[in-house]
Each structure stands twice: as C-alpha cells, then as structure tokens.
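Just below sit the structures, each encoded as structure tokens.
Okay, so subunit A shows up in both of these, paired with subunit B first and subunit C after.
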Partner chain A sequence: MEPPKIWRERREKYLALGILCQECKKKSFPITQYCPHCSSKNITELKLAQTGKILHFTRVSQTAEELMFYAPYIISLVELDDGIKVTGQITDIKLEELSEGTKVRMVFRVLSKNGEEGLIGYGFKFVPI
Partner chain B sequence: MSKLGIVSYGTYIPKYRISIEEIAKVWDDDPNEIISQLQVSSKSVLGPDEDVATMSVEAARNTISRWKGNPQDIGAIYVGSESHPYAVKPSATIVAAAIDAEKELTAADLEFACKAGTAGMQMCFGLVKSEMIKFGLAIGSDDSQAKPRDPLEYTAGAGSAAFLIGKERVVAELEGTYSITTDTPDFWRREGAVFPSHGNRFTGQPAYFQHIVDASKGLMEKLGTKPSDYNHVTFHQPNTKFPLTVAKMLGFTTDQIDISLICKNIGNAYSASSMLGLAHILNNSNPGDRIFMTSYGSGAGSDAFSFLITDDIEALKSYPLTVEHYINNKEEINYGKYSRFKGILR
Partner chain C sequence: MSKREVYVIGYGITKFGEHYELNPSFSASQALSKAIQDAKISKDLIQSLYFGSLVSNRNGQSYIGGEASRECNLNIPITKIDVGNASGAGAFHQAFLAIKSGLDCIAVLGTEKLSDFVNSSTLEKILGGTIDYQWEFEQGATLTSLYAWMTQAHMKEFNTTMEQLASVPVKNHKNGVNNPIAQFRREISLKRFLDAKRISDPIGRFDPATHCDGSAAVVIASKEFVESHTEIERKVKVVGSAQSSDKIALHHRENLSSLLATQIASKKAYEMAQISSKDISIAEVHDSYPIGEILAIEDLGFFQKGDGGGATIDGKTQLNSDISVNTSGGLKARGDPFGATGIAQIIEIVQQMRKEADERQVDDIKYGLTQNVMGTGASVLVNILSNMEDDK
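== the complex of A and B ==
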C-alpha cells in the first residue's frame, strides 16, 4: 500500500468509521463524500458498533501476493449491532469452528505488508466473542 | 492537592501458546528439567497478523474502555518495546490514531530492553505532575525474539500492558518512584541483527538481581517503608524462578508475589512483563492495598514504584478483558506452526 492511501484511510480502517447522513438519517460504510442513500453532502462521521454477528463466511486460499503469508484466511460479511453490514477477516479461529450467527468483536490487526521493506497496513478484523 | 497515579489500565496477550514440552521435543532436551528450572509451562506466541503495534492498540483500547474517558484528553503516548515493527516510524503514532487521540499530543517509542514501558510510566508521571499534560498513556509491549535452540527460546513470549496516568479518578496513587541505571552488558541486539545475544549466567547476579535489589531497597528507604507494608509485589519475570528469588532476597513472601506470577503461563513478555503483573494485581486488589513494582531492563536498569490503591479501583474491576481472560483464552500450537508464525519458516 502506498503512503497516501494508508494515511487517507486510517480513520476508516483504524477506528472503523462510517457516515451518518444528517438528511435521511441513514448510516453507511465506508466513508464517502456523499450519502449513498440520498446523495446529500450533509454527513458526519459515525463510529461503527464494535460487535456483531457473522452472516456469511468463506475461506480464501489463493490471494494477492502480499496476503499469501496470511492465507488461508477467513473472510466474512458481518452484521454489526448497529445494523451496518461490513466485510472483514475473521482471525484467531479455524473455519470448522465458525458458523453463521457467531458473535464477533472488532480487533486491530495487520491487514497487509508491502514486502520486507514497505509499509504495514493496519485495520480492523474480527474475532469470535 | 489532587492525587497523582494510575487512572486506568489495559492489557493484551495473544491467543497462541507453545508448551515447553513441544520446544524441548525439537531439541531433544529434557522438558521436566527445563520446567523445574524456569517454572514456566508455556509461552504466548503472536498470531501471523499481529505485532507490537497491534498489541499496543488492543491494550490501549482496553485501557480507554475501562476508563470511559475521552482519548482526546491524552497528552502523551509512549510505547516501550525492543520489537517495534518499524526501525524508523513510531508505533506510538499508530496507537494514537487507533484510539482517536490524534493530534494534540506528544508521542514517542522507547527502548530499554524489558523496562522501556516503566520508563514511559515515569515520563508520564513527570508530565502530569508538572501539569504539562492532563493524561499520559504508557505502554509496554513486546514480541520477544529468540534464536532457535537458545535457552531464551523457552520463555521469549509476547504481550502488552498499558497504564493511563493522571490526577482524576486515580485508582493507584503513586507514593514514589526510584531508578537504578548502570552500563551492564548482559543482553543486547546489534542494529540489523535478527536475534539478541546474552551473557548467559551473567544476566543473573550482577544484572537482574543487583539492579532490582538496589532499586527496590532504594525506594523503600526513600519512603520509609518495608516489605511487610505491601499487600502485593511484582518484578520483571524472565522466568518464574527469578522473581521468586529476588522477592525472597528482599524479604517479600511468596503470598505477596503470587498473584503477579503470570510468566508460568505466558513466558517472558519483556517490556510488558512487570506491567502485566501490575495490571493483574490491580484487578485483584482492594482499596487501601499497597503495591510494589520493580522492573528490570537489560543494559541495565530498574525502575521501582510504590502505589496505594484507592476506592475508585472497584469501578474498574468488572471490565471483562482482564489478564485472566487473556491467559485462559488460548490455543496450543506445535513447533511447525510456531516457526511459521515467528517468520522462521518463510
């Protein structure tokens, strides 16, 4: 990952921030300049719920080169307790130990490393509660 | 005058463990002899997507959640470690961003072998006492390195502990702190070297024991206290035998040190070691208890602290992600997976 991307996305990825539209009052993720529901620009940052449940999940074995160190890993669609759905990795767990509906909480983890000398990308993943 | 002390605390220990038996099996060592010498049964191991920055963030977040205060009020963050993910680029800035403490604060990474975290605590105490900042966050965090087959491989673990220092709702009032520093080359890692080296038995008497004894006696002399005045004590835990021995040398009983001894389950968490012991003690302490802590960092130095527990401790004890929680939340791995996680197998 390039420095500007890490810097620009750090609040979204580190703090798990979405947006709350002040016009239609709908929440969404990720952070966008306009509300994806009503196109209003009148939006504020929203801290997402830190816990939720797994809706769907699968195991990723073949992936981008910078992620192969972590493969196989589990990717999941998580419904947070505030109703927002986000995609994220489930870590510290084996595939056979997971099921739909498993309660999870956010943790801070390494997302990718740009080789031996490049930047480290950090952000949220989930672990079962 | 308002009290100065610890306002909140938070810890993190990774889930993975490797047992002494599993390591001994690889090198044809006698596990019973090693367990009896070190009094350690397993050590914690970082997952492949963890490092000192992620552990520091988890410990910091647990500190903030337990405190329920505003991270924007934190004026300093110090991360003490000898295994920062970057040689140049601070872990402390990652922590600041990940707890939403940006951007009116000072921050730095510290290195003093296993006592860089307590050095950060002293810096925060100074800044808060002088009213340059309102709250300071000191973190000790390490993913300890050990050369395969080195005796250190049996104990080099991982963990993180954070303490929020301030003057409001203090749960452990600082009675005093005192340090000893000498140039003692007992353990080192040269720039660019992957694994540390050490002076074998030299790491004991002139290093660990001498510095902890001098710092502990020095603080008690300064405060006019004696070992029997304290309910609990924690020292740096490179293994379980060393802190038990130094406790006895100083006149503390096994009962006083017992709660702090987490090394038997997770090994040596280096910069987090004595601080994890302190956090575990705080969660098991009562108002009026007196707590003593002395860290040790190779190279070498010791920081001693004396704390008095206040009534406000009760409000923080129910926070669920405790040292005990993390010790019990574990998964045993074999040496093959350990090698992969540690990056020995690539």
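== the complex of A and C ==
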C-alpha cells in the first residue's frame, strides 16, 4: 500500500467510522460524501458498534503478498449491533471453533506488511467475546 | 433503442490454456485475423475495434488491441472496454450499441495473458480490484472467499448440497471433452470434487475455473451491411444485449443467494428480444465457481429460485436436455482468460447455431444466451442470439 493512501484512510480505518444521515436518519458504512440511501449531503460521522455477530466465515490461504503475513486466516461477514454489515478477519481463534452467530468484538490489529521495510497497514479485525 | 438489426458474421478463437511460448499480442492477432477471415469480408470494411481485457495493462503492454490491429494492418479506432473480468462481454455490448447507433461493421476482441503471473499473489491482487478493494480485499477477503459465503448462503436458504454443487463442474468437464479449444478436455468424477481439500470452505481445490491464456474475437455487422455484402455466408442475429450492476461489496447487499444484476440484465435482454426465459435452448453462463452456475440458471429464470442445484444433479442442464447449459465446458473446463471469456461464450452459441459444434451439438436451437459476471456480480452482461429465420 502506498503512503498517501494509508495516510488518507487513517481515520476511517483506524477508528472504524461510518456515517449517519441527518435527513433520512439511516446509518451506513464506509464514509461517503453523500448518503447512499437518500443522496443527502447532510451527514455526520458515526462510530461503528464495537460488537456484533458472525453471518458467514471461511478460510483464506492465498491472497496478495502484503496480506499473506497471517495466512491462512479467517475472513468473515459480521453484522454489527447497530445493523451495519462489515467484512473483517476473525483472529485469536481456530476455524474449527467458530460457528455462525458467534458474538465478536472489534479489535485494532495489523492488516498488511509491505515486506521488511515497507509501511505497516493497520485496521480492525474481530475476536470472539 | 434503434431498430437496426445486428448480426455476428464471423468468429475466431485460440486454444485456451497455458501458452508460455506465446507473446500476448500473438494470440490476440490470431483470434482477430481468424474472425475477419471467417466473416469472408475485406478487412478494410471494419470500421472500429473494441477490445476487452482485465490485466493487459499489468504485463507491460496496455494496448494489446493496438498491437493486434498493427499485425492485421488496420488503421481504425481501437478502444479498450473495462468491465473487470467481464470485459469481453462488455466490449461486445458496446460494439452492439455502436451498430445500433449507426456503424456498420465492428470487430470485438477479448484477450488475456495470465500465465505470465507465476506468483498467484499478483493475480489475486488484480482480482481484488473486481471486488470492493478497500473494504473487502484489504480487509482480507478474496474473490474465492466471497464466493464461499455466497455458496454458504444458498446452501442454508435452499438446502443446496455439496453433491449438487459438484455436479456443475462434473457436467461442464464432460462437455469440455468435446471442445477443441478447452483447456481441460477430460472428465472429473463427482467423488474427486467432493474429496478435494477445501480451500475456502465450502469451495474445494478443484471448484474454481482456472485463470489461463486465450483470445477470442467476433465481427459484427448491421443488417444493411450483411445484405449489401453477398460474400458473407453465415450470420447469427443478436436479438438482445444488456448490462446491469449491483453493489460491489457483499456486505452492502440484501442477500447473497442471488445476483440482482443478473436478474435485471436478463429482464432487459428478454424484453429487447421479445422472448422469455422459456424460449432459450442453450446458455453459456459464468461458472467460475459451482455456485455461479446455480445462481445463473435461477436468476436467468430457467429454474425457480432454489431449484438450481437439484436441476443440475438431475441432469436438466446437460447436453440436449431441457436447457443445455455450458455446452462448451464453461469457464471451468474451457479455462477462464477473463477478457476472452465473454467473447468465447458468444462464439460457443454462434458455433451451435451454425451447427459446427460436432459432438457437443445441440439440436433445434431457437435462442441462445450468454451471461458474463464481473467480480461477485457487481456488473453482469446478458446477450441473446437467435437462430430464427423470421424474428419478431
């Protein structure tokens, strides 16, 4: 990942932010300039719910070089308690121990490493509660 | 939409597979020149070239269409169309619209050179661009893992079984045996698919279509052009061509057990052709993973939602059954050189309609359909070709 991109995305990735539309009152993720539901520009930032449950999960063993550091890992579709769905890794647990509906909590972790000298990409993953 | 009628008047295709010895532009110009020869027209009559490719800019030359046209000695407009891994069908759709808009004769080329990517991580990253790159791929998801969720969703909602899923590639490999350009011309048993290691459960090692090299080209023309050029011997009419899109990320979709873009695009294409799904005799659908074909045959209206798995295992989609699906072997047996795939699907329908499909020939074809999918369904293209002498 390129430094300008990491810098630009630091808040939404590190803080896990979405938006709340002040017109239609709907929440959405990620941050956009316009509400994807009603196209209003009258939006405010929203901190995503920190807990949720697993809807789908599976193993990833082959991906881009910078993401291979933790492979094989578990990737999951998580429905947060505020109703927003996000894609994220499940960590600190074995695949065999997981099941659909498992409650999880958001954690701040390393997502990617660009070799020995490149920048480290951080973001959120999930751990079972 | 204008009433101008569009015909496929020639095709050319290369053998799909790993061709380490071939320069990317070699196979592209091979397919292009074959298509022009097959159309029996002078190449100077071609007014424009549209080409589709997902990765042609990643192995150096971004303008493979340009190299191919130099080799064919053409000085015509060349435009690359990007609809991710559905760029072939995307280029065909744009060429169809251009004929509708007034042009008379266009060449469409789909090409890909994937065997140069010996490190599969590079290709995974490129495919990451066909899903939500920032919020799916960089979070750790891959195309395969997202298809795994879609498979899980279908299994849960409709009790689709692993045997039903595996019956998709079993059938397609059986069809592929008789396709001379297919990468894999051998059958694989149901047991082999079921016993294979799971790479992204429930997706097994042998389930995904392979990423390979290949090029495919067609020449399309208006009715006026065909009528004024008596040297054209064979023509197949394009009666419907449509594209639709959906939210790129699965986490933004309402459900994962159908592709909304397939449903919308096919509805538009059926309306344009003034037919229904019942009129289709053969279909080439995007079986890049087994669930892809099951979703397709349901969302295109061939079977009720949820019945796709059962229909496949019961043989209702095999050669010369209710509807013959992926007579070419599909992406699975033919191989998937992304940009070439959408054109190869159209060529299979044309070959079937011209009765050139030999052992895999389907009898009494009225209408044939192709469905090409970008990523996990963020964009879908549907084309309908007709064998009817006198169309509505």
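Rule of thumb we're sticking to: the second predicted complex is superposed on the first by the 129 of 129 C-alpha atoms of A that agree within 3 Å, B and C clash if a C-alpha of one lies under 4 Å from a C-alpha of the other, contacts with A are read in each partner's own complex, and residues count from 1 in each chain.
The rule is short, and it goes like this: a contact is a pair of C-beta atoms (placed from the backbone, for glycine too) under 8 Å apart; a residue touches a chain by one contact, two chains touch by 3 or more.
No experiment lies behind these values; they were computed from the predicted model shown.
Participant: Is the arrangement of subunit B and subunit C around the shared subunit A a clash or a fit after superposition?
Facilitator: Here subunit B and subunit C can both sit on subunit A without a clash.
Participant: Give one of first, second, both or neither to describe whether A:67 is in contact with subunit B, with subunit C, with both, or with none.
Facilitator: second
Participant: Touch check for A:18: first (subunit B), second (subunit C), both, or neither?
Facilitator: neither
Participant: Touching A:56 in the superposition: subunit B (first), subunit C (second), both, neither?
Facilitator: Touch status of A:56: second partner only.
Participant: Check whether A:85 is in contact with subunit B, with subunit C, with both or with neither, and answer first, second, both or neither.
Facilitator: second
Participant: On the superposed three-chain arrangement, identify whether subunit B or subunit C touches more subunit A residues.
Facilitator: C
Participant: Rounded to the nearest angstrom, what is the minimum C-alpha distance from subunit B to subunit C in the superposition?
Facilitator: Once the two complexes are overlaid, subunit B and subunit C approach no closer than 12 Å between C-alpha atoms.
Participant: Could you give the residue numbers on subunit A that contact subunit B in one complex and subunit C in the other?
Facilitator: Overlap of subunit B and subunit C footprints on subunit A: residues 89, 111.
Participant: Sort out for me which residues of subunit A touch subunit C in the complex.
Facilitator: Interface residues on subunit A, with respect to subunit C: 1, 9, 29-30, 56, 58-65, 67-68, 73, 75, 77, 85-89, 95, 111-112, 121, 123.
Participant: Inside the complex, what are the residues of subunit A that reach subunit B?
Facilitator: 10-11, 14-15, 69-70, 89, 91-92, 107-111, 120, 122, 125
Participant: Give every residue of subunit B touching subunit A within the complex, in rising order.
Facilitator: 15, 47-51, 53-54, 57-58, 61, 85-86, 94, 97-98, 100, 331
Participant: Where on subunit C is subunit A touching in the complex?
Facilitator: 119-122, 124-125, 128, 132, 134-142, 144-145, 148-149, 152-153, 198-201, 203, 249-252, 256
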